[in-house]
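Presented below are the structures under discussion, each in the form of structure tokens.
Two complexes come next, and they have one chain in common, subunit A, joined by subunit B in the first and subunit C in the second.
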Partner chain A sequence: MMLDSETTKTYTRPISKAWWLRDRGHFNRRYFMFLLRELTSVFVALYVVLFIYEIFLLTKGPDAHTAFRESLSAGPWIAFHIIALLFALYHSYTWLGLTTKMQAAGRGLVKIGTKTLPPILIALGSYGAWIIATCIIAYLFLTL
Partner chain B sequence: MNYKEHKSEPFWWGMFSQGGVIAALLIPIHIFLGGIAVHLGLIDAELMSHERLTDLLQNPLVKLYLCVLLIFPLYHAAHRIRFTLAEIGLHSLAKVLPFLCYGGALLGTAAVLYILWILL
Partner chain C sequence: MSDLRTIKITVLRYRPEEEDAPTEQTYDVEFRDDWVVLDALNHIKDHIDGTLSFRWSCRMGVCGSCGMMVNGEPKLTCAAMLRDYYPNEVRVEPLVNFPIVRDLVIDMTDFMDKLKAVKPWIIREEEKPVSEGEYLQTPDQLKDYKQFSQCINCMLCYAACPVYGLEHDFVGPAAIALGHRYNLDSRDEGNQQRQHVIASKEGIWECTYVGECSVVCPKHVDPAEAIQQTKVATTTNRFKSLVMPWGNKK
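Up next is the complex of A and B:
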């Protein structure tokens, strides 16, 4: 949070505009990965909006929807989906890894009695849930 | 800075968190199936045809699923974009960004509900 320099004498280090690229003359990988992580949400939003547009086109009849599907088969759209997938995967990896990190930090979140569960079990749980959800959706999509 | 937390703030954080989980668990497989696999011929193109999709959407459970899949991640993204834009330099817009971002998510919510439960 920014402090009001008029009323306090606290020193606030000037931050460069592109702090995520260069901080005090150096590239800071952690800052950059932080911004990439935040950027995943832009691709999630773009994909969701595209999805909403598609279900809207479903209401416009087969021709409109088929034309839309055909345009999505063009190279640039496939490239967009591949990039969006990479960002979405990075979101899943970072988001689902959070509980593991919290479990590893301090006293941990999940306990049985007074024993703290090892973080690896939390990782298995959250990434396992991801794999199971993915399989269920793929199965239903392919067979329903 | 006289920042007073608005009383709706916990709600947006909660939606951010819900949407984050749903996006993490479900979005990648959807991008892969509908955006990549079908175009590379890995799965039958008929799976994404108008006839097949409208048929699927006859099922209210599918509609309900799509509501969850599409609505919550919108709030997740709105919340992240709100803070990230401020962090990369748009501090001056910090008061407007919540309205723009959450407003967008609310509009998206209305669109999803309208399309799924009224139009379809």
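Up next is the complex of A and C:
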């Protein structure tokens, strides 16, 4: 039914600011986890700013950089890094998990000939590449 | 009859000529074990209160008319069994994220406009004459899009999508899934005509993947999957046209 919006008096319900916490009286876990995933980018961005500042301090000489590194061993900074790490892990895990969505059985984007690769292989490949890349970066940081 | 039980049905009422905002009304409904929420609404309209307004048609999960919020969740009321809620109360509201016209009836104009914008029909650059026969398709080609063709336009996905609720410009799950359905169809040549709607900021890029559209879809269309597939395909095509501008852009 198409309406004439000029003459029809409709009612639009307001959306609560806490829609992601309580959705019409019920806790919706998926809305909550979605907003948590959006929040991860704040912590990732804060970590990147901190990292860029640390690199900037290298231009100020080794003493300034070392002093900054030592200040990071304080409790609140360690807590921040742990939280940022957890958020980064959650973001990466859910982002890579999305790769299965482009690959549903029978109509996936990645094919070998006419055969669609199973979504689980795409997910495992993504997670595997993520772990390998992390190990290589960790090795470079810890040994160089 | 001995198998009758009584359940409380609370319905959101909105009578624009009488009130400025919706109110609630509760009815006691005797129901049989095989009744769905839509049966209760029809019972109320036929026997208790003839002023109650709602949409329905097929009563078998095909027409997509009877979508409403049942205890806060978008549902086809013809598929929501009362016995699954009994002895608790059932609360029926119009689909959220849409303006209410009257009682449980929503204004679907916005959805219809968006659906039309994605041109959900087969587009040919040039139609071949009937004498040349049908456009043939293999079972594998049919499989590519069949799931997305199951959409019944019930709009449950729009009610489930907080992005659509907050950003009304968003083309939305069902319209994008249906556009994708025709883009995947081997007989179709309209991809470029749909791109400015589907691959726009208000299209796939507005979606931040809550995923609730696929959870509530009664036909398992999985609109979230359609959107993610389109994101990957659009990005790949854009990248290809950058590195190989002389290539086929279809």
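As a convention for this text, the second predicted complex is superposed on the first by the 129 of 144 C-alpha atoms of A that agree within 3 Å, B and C clash if a C-alpha of one lies under 4 Å from a C-alpha of the other, contacts with A are read in each partner's own complex, and residues count from 1 in each chain.
Just so it is clear, contacts are C-beta pairs under 8 Å (C-beta built on N, C-alpha and C of every residue); 3 or more make two chains touch, one makes a residue touch a chain.
Computed from a predicted structure; not experimentally measured.
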In the superposed arrangement, which partner chain does A:Y11 touch: subunit B (first), subunit C (second), both, or neither? second
State whether A:I120 touches subunit B only (first), subunit C only (second), both chains, or neither. neither
State whether A:L21 touches subunit B only (first), subunit C only (second), both chains, or neither. neither
Of subunit B and subunit C, the partner touching more residues of subunit A is B
Partner chain(s) touched by A:Y31 [first = subunit B, second = subunit C, both, neither]: second
Pick one for A:A67: touches subunit B only (first), subunit C only (second), both, or neither. neither
Is A:H91 in contact with subunit B, with subunit C, with both, or with neither (first, second, both, neither)? first
Where on subunit A do subunit B and subunit C both make contact? 1-3, 20, 38
Show which residues of subunit A lie in contact with subunit B when the two form their complex. 1-4, 17, 20, 35, 38-39, 41-42, 44-45, 47-49, 51-52, 55-56, 58-59, 61-62, 65-66, 69, 72-73, 77-78, 80-82, 84-85, 88-89, 91-92, 95-96, 129-130, 133-134, 137-138, 141-142, 144
Once bound in the complex, which stretches of subunit B touch subunit A? 1, 3, 20-21, 23-36, 39-40, 43, 47-51, 53-54, 56-57, 59, 62, 66, 69-70, 73-74, 76-81, 83-84, 87-89, 91, 108, 111-112, 115-116, 119-120
Of all residues in subunit A, those that touch subunit C in their complex: 1-3, 5, 8-13, 15, 19-20, 23-26, 28, 30-31, 34, 38, 98, 101-102, 104, 106-107, 109, 114
As the complex stands, subunit C meets subunit A at residues 14, 16, 20-22, 69, 71-73, 93, 96, 99-101, 105, 107-109, 112, 140, 143-145, 147, 162, 165-166, 184, 208-212, 215, 222, 224-225, 228-229, 232-233
